[in-house]
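Below, subunit A partners subunit B and then partners subunit C, in two separate complexes.
The block that comes next holds the complex of A and B.
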């Protein structure tokens, strides 16, 4: 960090590139070839698209229309080929084993599955680089000509493992602009990283022990304990992923770089759509810009829209095509998480619920008008939040269970054999963590809910802190540090666990 | 302009198109509304709006949408 600020301003980004590749090499030297491959292919595609865009601008007026059509075809071919190569690689590394397994079970045909290491953060950097290529196709900005600068955009070390998925026009100007040591950036960055370490090391790792104990032997527990462990998993996943992103954004902030926000108080979501707007925001906006829009405006979906308007009429007819495209997007988000039937079902689960919500919205509007109380009341918002939690909660059974069938068995147990007495008869103290650990997680979550409630109301927690006395500001760093050192999953007996989202 | 406003209000009832010049930036229109509006505009005015045109500045206000339609009708 010190070296970064001491270096001449024009070479600062060079240190970031060296640090990024050093970080990636430390994580697994054999997989760097995939990162280099994607970087090289998408860099080349960007240059080609930039050249084609330039050619389009120089066309003589008499040949403008036909020429632009020819150039558009070529640009489409470049994007298609780049997507095929990169998503093909992602498919091979992430989904080939699953394909071979299913094919073997269904047809008996056995396919070879090479034993390859899954490169760290491959989904994230492929999505980021494909976003860049599509933006170049759209002429949103000129392509980056310097290969090394482009390589830094793809590999920037704080975010390469689990995002946020950055946009070139937002991140690159920050990566290459001269930086000087700024007290506010350093303070905000340290606070944000501390907050992230607190979520990850004190809460996620702690509750994760209980979750693993129950899920690894789910057949031995009644429904109430399975529900309790799933609630624990909701906490673990949120603290792990959002904590990791806070650490990422905190480190970047210390370097004077603002990374995109990836979470916006998902606990306060009032519908599943609202939840996905607040959870993993950069993946959602990537899907919107590069999958949903092109799909919804494509010829087949527009034809479907015309069919809906002509034959179904009303609001349902109007939103049929949009709903179908929405379903496809949520299905893709589901299988993006991994190669197995659980995630395929998870994609269906989200897609069906959101699409049904869209199609039934007119009926809901009529129903809400007849209710004897205001739908803008706090009570109604609370009901909507609880409903969203329940939907997300059921979804977590699907994603955390070892197999899809196990998720169904666990859900059935939860509904049919709940046995609430197991929650108070001491069983929960035999799940790998003690009463003190539960107290830490409970208090930690209370603090998180309070901070997020403040943010939900439009408050800015770190800005608020910066306006307090020096004593409070130092305390805001030292107290979390002390909590992390005393209660965090660190030390000789701790084996550092990976971030859950790093495997996606 | 009035014809355009009627079309927008028919397709996205409940949205005050005249009352804001930051329809996208302020989150008044979401991605679903945007696609509904784009489909309606393409059908009504026989124009092609590509994804390249789906920029906030083209949909932030009725005036911006009107300007986009006029430009594409060309």
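The block that comes next holds the complex of A and C.
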């Protein structure tokens, strides 16, 4: 950090590149070739597209239409090829094993599955670089000519592993502009990173122990405990992922770089669509820009739209194509998460619910008009939030269960054999964590929800804090630090004194 | 606060963290490195190597002799050694010690104290590992013992994981009178605190194997001894150091459970014990009939304290206590060749020669009429005694049982103990003459507050009359009756006692452990003292009122010198010679109005 601000401003980004590759190498040296490969391919594709765009602009007026058509097909070919190569690689690394397994079970044909290491963050950086290529195709910005600068955009270390998925036009100016030491950035960055560490180390890791205990032996627990563990998993996932992103954004902020927000108080989502706008925002917006729009505007979908308007009529007809595209997007989001039936089903689950919501919207509008209370009331918003929680909650069974079938079994148990008494008879204290741990998670979540509620209301938690007295502010440094260190960082590898010999 | 100030505050806070950690570790001092908040038993459990040396530095003046070795060394009782050698022993045992640890500890002891005796335990494991020099906080030796640089040593404890310190604070809040997993050492002796393990009732093999299933299918894991040479060189140096310091060195090889010994090859065993004989003569207890009896072991590599007593008895020529004939051989360079053969020539042991089944009967009040409940008619009682005699039973006292387990004094065929609870006058008027007539004997447990009384304490409420001290003396003098304690006033009654009424010897609800222990000690010692005053001789046996007892009550009884406690659990007792703890928690058959034949049928079912 010190070096970064001491270096001549011109080469600051060089240090970032070195740090990024150093970081990536530390994570697993052998997989760096994939990163380099994707970087090289998309870099080349960008240049090619830039050149084609340039050529299009220089076409003589008489030949413009035909020439543009030619160039367009060339550009399409470049994008298609780049996508094929990259997604092919992603498919091979991430989904090949699953394909082989399914194929083996269904047809008995066994495919060779090479034992390859999954490159860190491959789903993220491939999406990020494909976004760049499509933007180049659209001529949104000229391609990056400097390979190393482009390599930094793809590999920027705080985000390479788990996002947020950045856009070239937003990130690159920040990466390459000279940075002066800015205390405000440092302060914000540190605060954000501490907040992230708190969520990740203190809360997610803690509750994760309980979740693992229950899910690894789900047959032994009644429905209430399964639901309890799934609630725990919701907390774990949110704290782990959003905490990780906070750390990422905090570190970037310390370097004077603003990364995109990836979460915006998802607990306050009032519908599943809203939820996906608040949870993993950069994935959702990537899908919107690079899957949904191209798909909705593509020929088959336009045809589908005409078909709908012609044959179905009414609102249904109008939104048929949109709904189909929406469904595809959520289906892809589902399988983006991983290669197995659970995620495929998870894709269906989200896709079907959201599409159904879209298709039924006119009916809802009518229904709402007849309701005896206002749909803008707080009470109704609350009901919508609870409904969204339930949908997300059920979805978590699917993503966390060891197998898809297990998710169904667990859901069935939750509904049919709930046994609420198990929640109070001390069973929850036998799930790997103690009363103190639950208390920590409970209080931690209360703090998070309070802060998020304040932000959701338009408040500014950091600003509020910066207006307190120096004492309070130092307390707000020391206490979180102690909490993170004592309840999070240490204790993970702590081996209590071994009482092997104590038993006699 | 400006962002700049904030960042500076943050950096200061960050820098303060290690200082806080160091301060916390220094003050709480879980490992006992800095001499603060000393709780040796806790620290020794975390790392005996460090904390025992810390303890000794403060207490060198109390000891002049030391036991050194790995964890099995714990079971050589220092009390016995003190008696045999007229010395003050401290047991420096550290778990997982190899000979390099032992050598360094001996070196340190000789350099820091005038040492009369060193008893060095050479366990068979010492041939396997040597000089691992573990650096974990829980395993390392103090710098002054290992010779490692002091600064990194102290820093490692200063910046240790604060969870150790938190554990110490938590443990301090949970500490109790009995051993907990976090304080397994006895500070004064240095040995493991086995108060609980040494009152644990040991009976028949079936019960024992149920409690210790590891002995049923002890895993066969072949072991190799690759460090024999290094180990022996170390022992040679220990020998020389002791000689130079004028310290007497006793080398002993602790008993090894047979199945564990079977993990080693005959060649390795031969090489190990031969090499040891070439360095020094030694007492070898490694393999004997003791090794074939799981009840003599806590687990495969740790023998019981009672076995340690036998071993020391053999070494120091105590021929009063029971010691199996083949247990313990003094091995020299000349005799080792022959001796090796006995180590590798293992055998099955016959149970009959050193165990004995003994049923105990429990009576209360006798009456002239047909009895009911716990009361039995004199006629039925006589019929039962006659039937026992006709069926070959011989009555023995609890003292006879004590002599059997302690000294190996044989019991007659079909021994049986006849006991009476509460001390009713009818025991004197009816039971005593019958027993005398049949040549039987019996044991009566008196309740302190009821001796000689026919009313309950100071309530004036009429109760069944109890015999007085004169009658008691007469019975004891006849040799027919033995008296024991049924507590002084722990035999309380819901109907007659004011609340809160204690259930036998158990702790009252809401009573603190400390108050309970005080009450228990005062009741039992008063009971024993009054019996001694009444009879003119001390007694060491107790029957629990209503049969209620706990681990804690057993430990407290033992502390009061009681060697046998009786319950109301219905079972025949199995006694094992050399294991006096068999007498804690003896089972009894409650006898009610029934014929002699019925009783015999019940006993022999």
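Here, the second predicted complex is superposed on the first by the 489 of 504 C-alpha atoms of A that agree within 3 Å, B and C clash if a C-alpha of one lies under 4 Å from a C-alpha of the other, contacts with A are read in each partner's own complex, and residues count from 1 in each chain.
Criterion: a contact is a pair of C-beta atoms (placed from the backbone, for glycine too) under 8 Å apart; a residue touches a chain by one contact, two chains touch by 3 or more.
Predicted, not measured: the structure shown is a model, and the values here were computed from it.
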item: A:138 touches, of subunit B and subunit C: first, second, both or neither?; value: first
item: First, second, both or neither for A:184, with subunit B first and subunit C second; value: second
item: Contacts of A:149 with subunit B and subunit C, given as first, second, both or neither; value: neither
item: Of subunit B and subunit C, the chain that contacts the larger number of subunit A residues; value: C
item: Touching partner for A:486 - first (subunit B), second (subunit C), both, neither; value: second
item: First, second, both or neither for A:270, with subunit B first and subunit C second; value: neither
item: Touching partner for A:477 - first (subunit B), second (subunit C), both, neither; value: second
item: Which superposed partner A:306 touches (first subunit B, second subunit C, both, neither); value: first
item: Residue numbers on subunit B that touch subunit A, as the complex places them; value: 11, 31-32, 34-36, 38-39, 42-43, 49-52, 54
item: Subunit C residues touching subunit A - in the complex, by the definition given at the top; value: 1-7, 9-10, 13-14, 16-17, 20, 45-47, 71, 95-96, 138, 161-164, 167, 181-182, 184, 192, 194, 197, 298-299, 302
item: Subunit B-facing residues of subunit A, complex; value: 138-139, 288-289, 292-294, 296-297, 302, 305-306, 318-319, 321-322, 325-326, 358
item: Contacting residues of subunit A [partner subunit C, same complex]; value: 182-184, 186-187, 190, 466, 470, 473-474, 477-478, 481-482, 485-486, 490-491, 494, 496-504
